[in-house]
Amino acid sequence: MPTAPSARRPADPLDLLQLYRRVRADTARLAAPLSDADATVQSMPDASPAKWHLAHTTWFFETMVAVPNSPRYRLFDDRYGFLFNSYYETVGARQPRPLRGMLTRPTLEEVAAYRSHVDSAVETLLESGPSAEVLDLVELGCHHEQQHQELLLTDILHLFAQNPLRPAYRPAEPADATQEAAAEPARFHTFGGGIVEIGHGGDGFAFDCEGPRHRTLIEPYALADRLVTNGEWIAFLQDGGYRDPLLWLSEGWAKVQADGWRAPLYWEERDGEYWTMTLRGMQPVDRKAPVVHVSYFEADAFAHWAGARLPGEAEWEHAATSPAGRGLRQLSGDAWQWTRSAFAPYPRFAPSPGAVGEYNGKFMCGQFVLRGGSCATPDGHSRASYRNFFPPSARWQFSGLRLARDA
Amino acid sequence: MPTAPSARRPADPLDLLQLYRRVRADTARLAAPLSDADATVQSMPDASPAKWHLAHTTWFFETMVAVPNSPRYRLFDDRYGFLFNSYYETVGARQPRPLRGMLTRPTLEEVAAYRSHVDSAVETLLESGPSAEVLDLVELGCHHEQQHQELLLTDILHLFAQNPLRPAYRPAEPADATQEAAAEPARFHTFGGGIVEIGHGGDGFAFDCEGPRHRTLIEPYALADRLVTNGEWIAFLQDGGYRDPLLWLSEGWAKVQADGWRAPLYWEERDGEYWTMTLRGMQPVDRKAPVVHVSYFEADAFAHWAGARLPGEAEWEHAATSPAGRGLRQLSGDAWQWTRSAFAPYPRFAPSPGAVGEYNGKFMCGQFVLRGGSCATPDGHSRASYRNFFPPSARWQFSGLRLARDA
Amino acid sequence: MPTAPSARRPADPLDLLQLYRRVRADTARLAAPLSDADATVQSMPDASPAKWHLAHTTWFFETMVAVPNSPRYRLFDDRYGFLFNSYYETVGARQPRPLRGMLTRPTLEEVAAYRSHVDSAVETLLESGPSAEVLDLVELGCHHEQQHQELLLTDILHLFAQNPLRPAYRPAEPADATQEAAAEPARFHTFGGGIVEIGHGGDGFAFDCEGPRHRTLIEPYALADRLVTNGEWIAFLQDGGYRDPLLWLSEGWAKVQADGWRAPLYWEERDGEYWTMTLRGMQPVDRKAPVVHVSYFEADAFAHWAGARLPGEAEWEHAATSPAGRGLRQLSGDAWQWTRSAFAPYPRFAPSPGAVGEYNGKFMCGQFVLRGGSCATPDGHSRASYRNFFPPSARWQFSGLRLARDA
Amino acid sequence: MPTAPSARRPADPLDLLQLYRRVRADTARLAAPLSDADATVQSMPDASPAKWHLAHTTWFFETMVAVPNSPRYRLFDDRYGFLFNSYYETVGARQPRPLRGMLTRPTLEEVAAYRSHVDSAVETLLESGPSAEVLDLVELGCHHEQQHQELLLTDILHLFAQNPLRPAYRPAEPADATQEAAAEPARFHTFGGGIVEIGHGGDGFAFDCEGPRHRTLIEPYALADRLVTNGEWIAFLQDGGYRDPLLWLSEGWAKVQADGWRAPLYWEERDGEYWTMTLRGMQPVDRKAPVVHVSYFEADAFAHWAGARLPGEAEWEHAATSPAGRGLRQLSGDAWQWTRSAFAPYPRFAPSPGAVGEYNGKFMCGQFVLRGGSCATPDGHSRASYRNFFPPSARWQFSGLRLARDA
């Protein structure tokens, strides 16, 4: 949600129409390889069915944009509000989250019709010269839908990983010859510390939790120029990383023992080689690639083992935006990067009024911030001030890490 | 499974071929109204997806019949053994029961192809003059598949009942005018007791647990000539039946409190009227019709409230087969009827050798016997000696009750 | 509770006074080795603190005998009714069973004072020439208290077994030299079957579920002349008994896997020898002694492994009371003996009116009958018609087995 | 644990001996009103038995001080290491936390003997002129024991609150006449913000997580001059505070619904008046007194309702140490004060080497910082830099709140 909608230059309606169409088409394209059954099943309470993502993002536009602003808008189906509200208490009751997978009806086809119905209304509205407030809400809806595009991918991967047939979402590519090669050693870049500014402050779109832009004080520090690789992770686990309680946070160690963690989520050992479930089906683990599907607990334990620590989110953002950070690779597009910052309000943060105020603020407890962006993040969705967040035990996102040190 | 395959007259191969074709076609017909998504989702651990029923019954024929008896049989997919074994420890590992709903693949279409593939093999075998043992196994497989036909219906009803849209499996029929009318009062027929014979003993097919036929001693008793109706159930619940612990078994009362039972499963009160979810969608409760979807605990509490008791299974079977039982209505085709008999082996019962020996014997603990047959039971599947069984808390079957008394 | 109080010869008041005093003194003696802390802690929901047993048995006399029959009786503490009611819904609300161990107050000393207070009232009543109904209730209370004497021992053993110090309730005795010797092979005695009478029918006391005495039909069968020994159990487990699913009931096998059962409860392997926790602390397993602390599931699996089965309760009772049963040893005083009979009402059973009617009938679901009596059963408490019952997974009682076969 | 033991002026051995004796005697005095049973029972996994606190604090001195530094020290009982280790993975295996209440043995008397045995060794060591490292460890042990003194009180209160008799730990005092009076309205004191120093930096003792002292940047803010009162809390709940999801963090609202929170822990409504369980038994809620036994979730919701927020820990510490904070009352001695700061390492924090390094660092996840000190905190234990921490759902501590605002 825009930090301060009234203060920002409003988005251009035609640009926004283009953005809207592109985002909506992207979502449809992402769902195209899925059968109705694939799009319906919920593999765990934290994940949602693809069909639910398709419908919920549409419900957002219907409820926040079409209904309040298009007097002649007719609801596609008045029961969908209950089915596809996610967590907006302001808006009303809803299908309990762990039961989203019970909705074999509406069908995927009916959901596509729902999408078209709402698209017509939103597009007509955008073409009619709407208020700045409407523009802000459509823009928010587009970025909201992009978030669900990523979740659609991580959730379908989780579902397919539960299937002993290990189906592929995308066709597999020819195996890469690099599996045994090692990545270049990471190099640490040093940053000076002091009072820095972080947080979103410009004209472009940002979610409310990215602001207000504010000053903060950081100590000198160093950041690795690349992400931790699968090869390094294999060294960690072969060194007993998952067996030494002293490397772990207390709650993390309890999780290791209770859930039998021995490697990143989706890894399997076959005849001494590590394989992993991917959107292209089971693939050998690529030692040069950044490790993904690790929890905060694992990332933190790895950092201890490596004699380093996770970066703070201010350190990460400062590095990503300062000239000295030019040498840092893989800032975005590979893996979300765990920081050691709990997800908390910035100074003078206030949630937006209305239903969209429930977007971020009420989750500021028990979660850690991830920075950057992953291979599943839509192009142009993330930015240096972007604050993704998940509980420390979450593993099904494309989450990895970059090491930091005091300097 | 036949009580004593070698002693029985073997089934005629051509009759069996006809039975096989009919049963297999019936299953396909039952699944026809379902989308791939409908057929994939598992609504609770006790229920299975329709697709799983379609594939598991096929796996039974493939594993028990085709593989051991058709030397040139080629497995349709060597991974299906893992996916579609239910609980046969003899046969090997299997997809955990609560995760049957993760299998969005194979698709419904692929499962149909699997069915055809196995059908060809079984039909060829039946046409080739197979051994009596093969005939027995095919016959068992047909009756096994009929059991799954009923489960397919009860499981899809459970799934659709979880959906706030309350979809109908079958088209609704015009509402019946009889809702407010009362059924005729039940009349009790008296039976003399003494030494009686029960259990399957004839030439036809029966499951192993229905035999051996044996003598047992029963005391004089009386049975109601019809099942308990919805109208009577409404009287029970309006009289506080669900609020008086003294009517209930201790474990049943715990369940009432923990799960908030206030009426049969699927009932909803709307403006003072009771409605219930059915295969035809939400329907007003028909006061004249037999109550269904009640647990053993509820049936037993109702019987206490009515100053009666549930019948023993020997009483039920004796009444159903004796001339004095001619006046009993609704013996089969309306609802499975809870008896107060724990599911236990008959004297000198021995499970069959081999994998099919796991069919019934290993479930003889913690379950109660139901007799008769329901509206969802395939024609010709049940018989007077038939022993259905479920845990006392199960409610999603078409289970009702007939009252009994000491005479 | 007496089967038919009015029909039985009433107990003699002076005999009953003597019984009352003996039983009450026995309970106090059993609790003597326990500290206030030992007597307070609850080690699992199925077990109760010794202090609770001491107070609950007293509450039974206070509530069922003193209050309704002694007009001048003053409650010792009007809050004890809530604290020490077990499960009598007729009587009122109560401390939830899993929270019985929260009651550090009243102290053990206060509970002793409560016992004395109620003893005075009951003894005065018995000396005053009470009605037959009162005599029946006092007699019931004595037998009820004897049941809790056994539970007090099994529950304290369970508590001490949770303590890594493995404290002994009684002083250990010098180790026996017989550990390695084998017991005599069991011999099977054959019984003819036919119509037999079982159930309590005489003048003496019995619980309501032991009657009515009635005829039943049994087939010829054979019973082992002694219980299964620890030595035989070791052979079973060393033969892989706990690893072969085909020996087990389905629910039993699930329990083996979920709870990691590998031997009877309390057994530990130390350097290749089996030790077990007992009321005398950790002791080597005596191979000649009857196995105890096995569940119904284990007993049933063992019987399968041994090519035998568990007896039905009618078989057991018939053998124990027929002249042909004279050669059977260990009928009582060693271990409760699992039968394959579900705990169910005898023909024409009706619970007693009033609160004591909740004694047995409401537990007739999900439990199996055990016959005989154990080393922890008070002298004179059990009899041939006695029906003990526990769920099939219960292991903390002194429960063993005697093999049976069809003859 | 000292931030930098070698850099600090070592404690004087004689002062430390005095501190040691005082702390140890205080613990014994706190346990004096408890019976062996009171001291043994564990009322929930988060709480520990008093006996365990008595023994664990002793085990700390035995393991960290006596064993490594007194060559002739003989373990009191070599099994106590297993029983009374809390969570030190470095030191070895231990009794699982939820089973601490199974330890009816050793008795309270034996634990007292254990305390004496270790006291002799530690006192002898202190009198012998020990190294600075030993002095640091003894000092740490004293502060560690003080933490357990407070837990002993909160845990015994929790235990007594589970008992329907609601026993009093201390004698009740005559009822106060002030219940209906309102407290003075809170006034907000404004602080200027800027770069401030926080964290422990002086010579005295502090736990490792209180340092290093460091600079941080804060914005102008205001703090209430007193804690939120019970009277204000009653206004909040009567205004529907526990029923409005928009006031709550998402996870907090889930807790409200799942656990039925309607008031602070221990509150009961009786005839329209609020009562609460205290160490003096049930008492009327004093409207002028600070509210206690509220979770972070409740504190945060209250602050939203009041149009305020919780302070950050740097704001709290700055206010408590700056001249402008002189007007703030109830900084310590009434209730721990929730801050909105997640418990996280200060810049350049490094845990101490060795077992004591497990003291704080491994809990830096999922917890919020509380500042100040409560009525149960030992005199002299807390200080302005003190960081207490608990999960956001914890309610059994004496936890309250002070409101803050942006200025």
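Residue numbering begins at 1 within each chain, and the chains themselves are lettered A, B, C and D in the order written.
By definition in this document, a contact is a pair of C-beta atoms (placed from the backbone, for glycine too) under 8 Å apart; a residue touches a chain by one contact, two chains touch by 3 or more.
Small disclaimer: the values here were computed from a predicted structure and weren't measured.
Chains making contact with chain B as well as with chain C: none in this assembly.
Of all chains, D has its CA centroid at the greatest distance from the CA centroid of chain B. Centre-to-centre spacing of chain C and chain D amounts to 46 Å, using the average Cα coordinate of each chain. The distance from the centre of chain A to the centre of chain D, each centre being the mean of the chain's C-alpha atoms, comes to 37 Å.
Taking the mean of the C-alpha atoms as each chain's centre, chain A and chain C sit 58 Å apart.
Across the complex, chain C meets chain B through its residues 87, 89-90, 195, 214-219, 245-246, 248-253, 296-297, 340-342, 344-345, 347-348, 358, 362-366, 392, 406.
Partner chain B is touched in their complex by these residues of chain A: 35-41, 43, 79, 82-83, 95, 99, 101-108, 159-160, 162-165, 167.
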